[in-house]
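The chains carry the letters A, B, C, D, E and F, assigned in the order they are written, with residues numbered from 1 in each.
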């Protein structure tokens, strides 16, 4: 069962939202947060980055809408009692505008959108879009600052050479973020790599740049607790970004994605690992590669919404801690 | 093909919306209109009335969300060049709050919501919800004034005796609106009645109260033009409400409804009739009984969105004509 | 809207059913009729004939279950006020047992099942199964008597040579029923033939045996009223069977069938023609080729249920007329 | 592979059913048991309790029909060789009648329905409906007797305060069953609690009333065997009811429910725990919150049918043991 | 019913295909034609042009695969007995290779692919892809020759200004084909235009360039026969290309497209018009904008396959007539 | 993310395929391998065996087409770097032709098809079809030679007595393969047996013939590594066939099958076990019982494609080892 009606939350901006109503009341925003398109006063911005340029099945540009819809099923506190809407002023700031014919312009437009939010002091937790959005999000948050740590959940290493003619996209966004100087590879890790492979050499870039890679077998062998410990050891105390490609999940959780790979993480494992990252200096994150047309049931988007909420919780803990002194 | 990008519309409130962006940009509002939850300055309010209490398959309370989503495919001008967003300040004002356990309270809450919009000077074009919403919408607009004319599209007469214990609901809302004094039955007409029947006597209420009833056979025999002429003759020049139960459509257009009835109107017929009502003094209207879980493709909601847009066009024409003098 | 609760019907066996309850009450029977597996005292038996042996997409053996489920949306009186449950003792008698590995044995088992019902004095209105069931149903009703008239709705002529080795099946059931002496081809007609063709010669059997064939173009040219007149002229006053292959309908009504053919009858046309057959001496009929896995929405089955109900109405009119003297 | 044809079972009432036929033969009853609407002579009644009043996505009132359909895939013996149809006279007794407009009356109608079955000596294993049915089922079985033990599988504690105005419903049915004196909280346990939360205080009612709560983390830490041992320690030897909210399962098993929560039990875990309860004095149970429109594939209902079968096995073991002396 | 097995066709290349087998035999090619990737000796090439760059819902690049699959339901002769596989050597030549990141390069690659087929003497009937493929197909067939006639079925005029920065795409392909000198606008016509509009000026380009435009209202007023006559009068005797955007169809036939518009052509109308074009000098054609993820049932693709087959019939008639002398 | 474009593989026959293109390029073959219908020069033939005769929900004859489609998502190397297309000449050879009305003839036709491939020196990895195909595949590969070892993944033992009249089919194919002398039961094992049961005696045949049976509980207790060791101990060094009934998987991976059984293997377990079989003398294998109409999303077929790829890897390792000397 599920109640659907809660008392109004007590603080800040979220009182503008419709958390206090039945779920089918109100328009569809991320987790039923307030819609604040100008982002004024927002401490954590929930944003959509709707572009995709996939060589595969694609359609991830439609992801933010479905994740918003399914996120109406999220309640305001996490299982382990983090209450982001009470801790910070959280709002849905809408989507970036992109150019559907032009990948490079879209990357730039999304980067500017995130940079604009950052300039207002907001942390940004976003929903893609394909994995290219991570390049935009990281660059938008980091440019002009020191490279940051990265926790990268994915079935694929996303560090391929580009075969299309020099584009930044879902197949090389992680690599581009490192090579652009926004991520420090020695404090970065790819988690949950699995599935069939184009080349035997597809993990060489990671090795050559000193970026760790934990396969699904590594995670299975380590267990959740040790995986968390290993990730924390790698990323350290510095500012950290969390990017979660939904295809890292086992396919029953991610039918609605472009490149589903059987044998991935369960949601119990994924939620366990994400909760284990609480306390890190998480400055933002994203969930992406949700392709709604392939899962009209919304189940994939529901999982993505829960992942996004956990990233929000981690971000809110870090934001509040820094804001409130310590 | 479909462009997806339009020049920004030029007037009023809709510039706040995202009509000028690709369709997957922005949050989901009715026809990508601006979201103005307080309705200040709004001339035509697009609203969701999300309740249902069906004895059948139900789920129409989830209709406004899916109609919003699919209405993103609507462009800002109608086929015959009515441009409501240029003529009036149109906005999405969100949904009424209801009590999902209590039908009577929900009816009252929705009525107050519509009355509040009317008090601000807005015409109201809404999306249900089940057909009970029409009672709330009409009462909210009319109470304290003279009874109005009604054009009622439906497969069912909706004038049944209530077998549940004295409730107003989707089976008797039209009757209740007449008996409550909000609709003048001599200027009202039910259009498109078809399908199997509970009782041989199920059209007696109409006959006894002088309310016309055009069956699907009548419409087929008359053709669109004569049907329009007949409806216009019945409703006359006075203030008129248009209620469109999606189940009046033939089932290929309305898989996603509680009580689909094969053999109904085609969309070509429905759009033709609605366009024929332009010039009437339409003060508002609704489309309802869209039950998204039964049509995850959104096709039913897409039809509903197009119907809602045509009602909006008719309402905008009347609103602007009254506002601009004459 | 749709009420879902009706007063108990007043006569005979159907009071055992659950027509007087909300639709989700009770188990799933054809049109919520009583379930009377021994058929004692039943005047019109609603039966499932669940077998298919298709070279194509198949699965019609699962049709009766889905037609039962969707037929819960049917109300007890037809649009033109025929009330079969008041006129006759109508019951669901369950399904024939078949051998899923053996087409010939299945044909025989279904024939015996229908013959057993006929021996108890029941008219039989059945749901398939593939079109092979019609051979069983007609043979079960007619064997030992004179050949009957036949109204055959179908996209395909179903009079092909068998390429598989001498089987009776969905591709030749009509031909087999004629050649077995159960149907008089001079009083039989195939209605609504359309779609692409295997051979240019595929209508020769009809011509050579004096069985009429009205293509979709013929029906469109004639219109519903003249089509009805033509059919009545052909079949005459004698005992008549009505078989309705769901693929005669245009594909939006029949996504859930093995061999959908765009460009078929609309439900408005189909219902009009079937109602035009009232008054004929209809001794039974069937609807078949509903393949549920291809239309999980149940829309195809809903159309089939409405067709089955109209055939039931025609059968009840004939049954009562003969029973009540005159 | 799956055979689909079995020898007729050898005892009692189930010989009336169609277990001995291919699965698509016969009408749709729970596990293809006989349909015995008057319940005479029935030892274990399989019943539908079709009501829901959800503030969320709802539609669980349609659950019994889909669970019946999918339960046709169940074979007559469990994996560990419990054969309920051979041990007891098991029959499908149909559904309770409810009032879809009136939650309170529906609760009472369902309670009377179950009480009537109990008065005939039947144990009752039911399918909902939403979790409110558990209140009806427990009250119907227990009223006038001592409070019983309860094993409650759920993602949610279902002991919320009612925000709607004093209703018993899916959000507080467990609490209401305790407060009504039908369940002894000291011998009751909620198992598998997980997902996001409305309030930090949402487990206080359990603590304050001495009712145990095992979260998904507890179950994961304990493992199946220790979880079973813990449950058995809590509920003891007395009469015990088992209620299984399908949303306790991980979402890939339960797409078709109102409030899916990623990270729940796997079916391997759930079946393991349920089998571990064999030997307890199980007097009945239920499975509910299956919302068919959200999973037209029937997968959720298939899982529910397997769960219902395991509860039936446990109930049959207890029933036969008491009946046969012991 | 549908047979699924036909005698082997008697001529030419199609004997390599699997038309003589049950439909689920063989790999999936257009209409079960032979797969001849080098196109040697092919007279009519069936090709896939798999690219899309939509600002909307997109995914039309996946269209060829689903159209191939559903085209297995097509039989080798048309309703009016055109037998293209007997008249010409018809083969599936596979798909063009495109660059999913680069619209301009993709347009060029598809153009070269078609030009290469034309250079081998093949007429080309293709499946998109989005409407941009038509530019490639027409340019590939025509470049270096005189402008041709065009019959353009579409809901949208596809002659918009490009808002993205000078691309050729689905919104301006028709215009680009005219402006590139491949189509003579005075012998071209857009048929079936309907739906809501971006601008009041969106038909001005047609008017200014002397290209006719028949709206859905025009078609409805004229009827099929007069529409055919009007089209034939416009395009005349010269080489003619037929492009069929699936969104010209009414939405029940075209749920699976990017920009569905209620109120379009029925398949009966569309097939009637296409058959009326037989005898024109049709040198090729295409069907496109089928977006499979939005219609997993394949119904939209089935309609597209039937349309493609009718275009193939018209092309084969013209090809054979020219080849065989006269 | 997923790249979709790879460099052309470097050896042998697969250069004819379209592995070097975006996934939506080219026709649909198993893993985008070349289509070589005459199998000349093919070392490992990928084949479809499209027949089913199920007493249940069936439709597995449609499996090869959907597995082909979804296998386009497979990349050319396995997770643990086996590269079958580089090691052997692998091609798709199309489907066997069957007689959809005649089970016995279909079994024979499929046997001859496989035997023909074997006669050309090809190992055969096939996709069903129902489990009856395994009898054909094993007989086609083995007849005239010594009995082989068998690894049989399945929810069901498939050694039932036939209740239909002496047919070989999906319920007894394993038993028939043993009793026909093609499999040595002492070197054979059924893995993953779970789900409800027809009879308590349904494992007796295994025991009586000395064929091992590892239930899902056995696998769970042993873990993947020990399960692998146990299987290897049983099958030994001789020629081994691997048959994988998709229903051995837990139902979230196998919604699209005829007899889904909750509580089966996860894909992580299944892939782990299959990879553990590398190094055995695998002469071929199959995956079957994928019923596409029950999972239009293709998720079940995607899992099957991954399983098929792992079997291909094992087969290629063995084939190359034998070919290359040693």
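The criterion applied here is as follows: contacts are C-beta pairs under 8 Å (C-beta built on N, C-alpha and C of every residue); 3 or more make two chains touch, one makes a residue touch a chain.
No experiment lies behind these values; they were computed from the predicted model shown.
**Q** What's the overlap between the neighbours of chain A and those of chain B?
**A** Output, common partners of chain A and chain B: D, E.
**Q** Measuring between mean CA coordinates, which chain is farthest from chain B?
**A** In terms of C-alpha centroids, the chain at the greatest distance from chain B is F.
**Q** Between A-F and B-D, which chain pair is linked by the larger number of C-beta contacts?
**A** A-F
**Q** Compared with chain D, which chain's mean CA position is the farthest off?
**A** Most remote chain from chain D, centroid-wise, comes out as E.
**Q** Could you please state the distance in Å, as a whole number, between where the Cα atoms of chain B are centred and where those of chain E are centred?
**A** 38
**Q** Please work out the Cα centroid separation of chain C and chain D, and write it as a whole number of Å.
**A** Averaging C-alpha atoms per chain gives centres 39 Å apart.
**Q** If you average the CA atoms of chain D and of chain E, how many Å lie between those two points?
**A** Using C-alpha averages as centres, the distance is 55 Å.
**Q** By residue number and range, which residues of chain A touch two or more other chains?
**A** 4, 22, 24, 54-55, 57, 62, 100, 164, 169, 252, 294, 297, in rising order.
**Q** When you check every pair of chains, which ones turn out to touch?
**A** Touch list across chains, by label: A-B, A-D, A-E, A-F, B-C, B-D, B-E, C-D, C-E, C-F, D-F, E-F.
**Q** Of all residues in chain A, which touch chain F in the complex?
**A** The contact residues of chain A facing chain F are 54-57, 130-131, 154, 156, 158, 160, 163-164, 169-171, 173, 194-200, 215-216, 220, 245, 247, 250-252, 255, 258-260, 262-263, 289, 294-295.
**Q** Across the complex, what residues on chain D touch chain C?
**A** Contacts found on chain D: 4-5, 18, 21-22, 24-29, 35, 50, 61-62, 64-65, 68-69, 92, 94-98, 100, 296-297.
**Q** For the complex, which residues does chain A have touching chain E?
**A** Going by the criterion above, the answer is residues 53-55, 57-59, 62, 99-103, 105, 164-165, 167, 169, 291, 293-294.
**Q** Spell out the residues on chain E that touch chain C in their complex, using ranges where they run on.
**A** So the residues of chain E touching chain C come out as 1-7, 22-24, 73-79, 81, 83, 252-253, 266-268, 271, 297, 299, 302-303, 306, 309.
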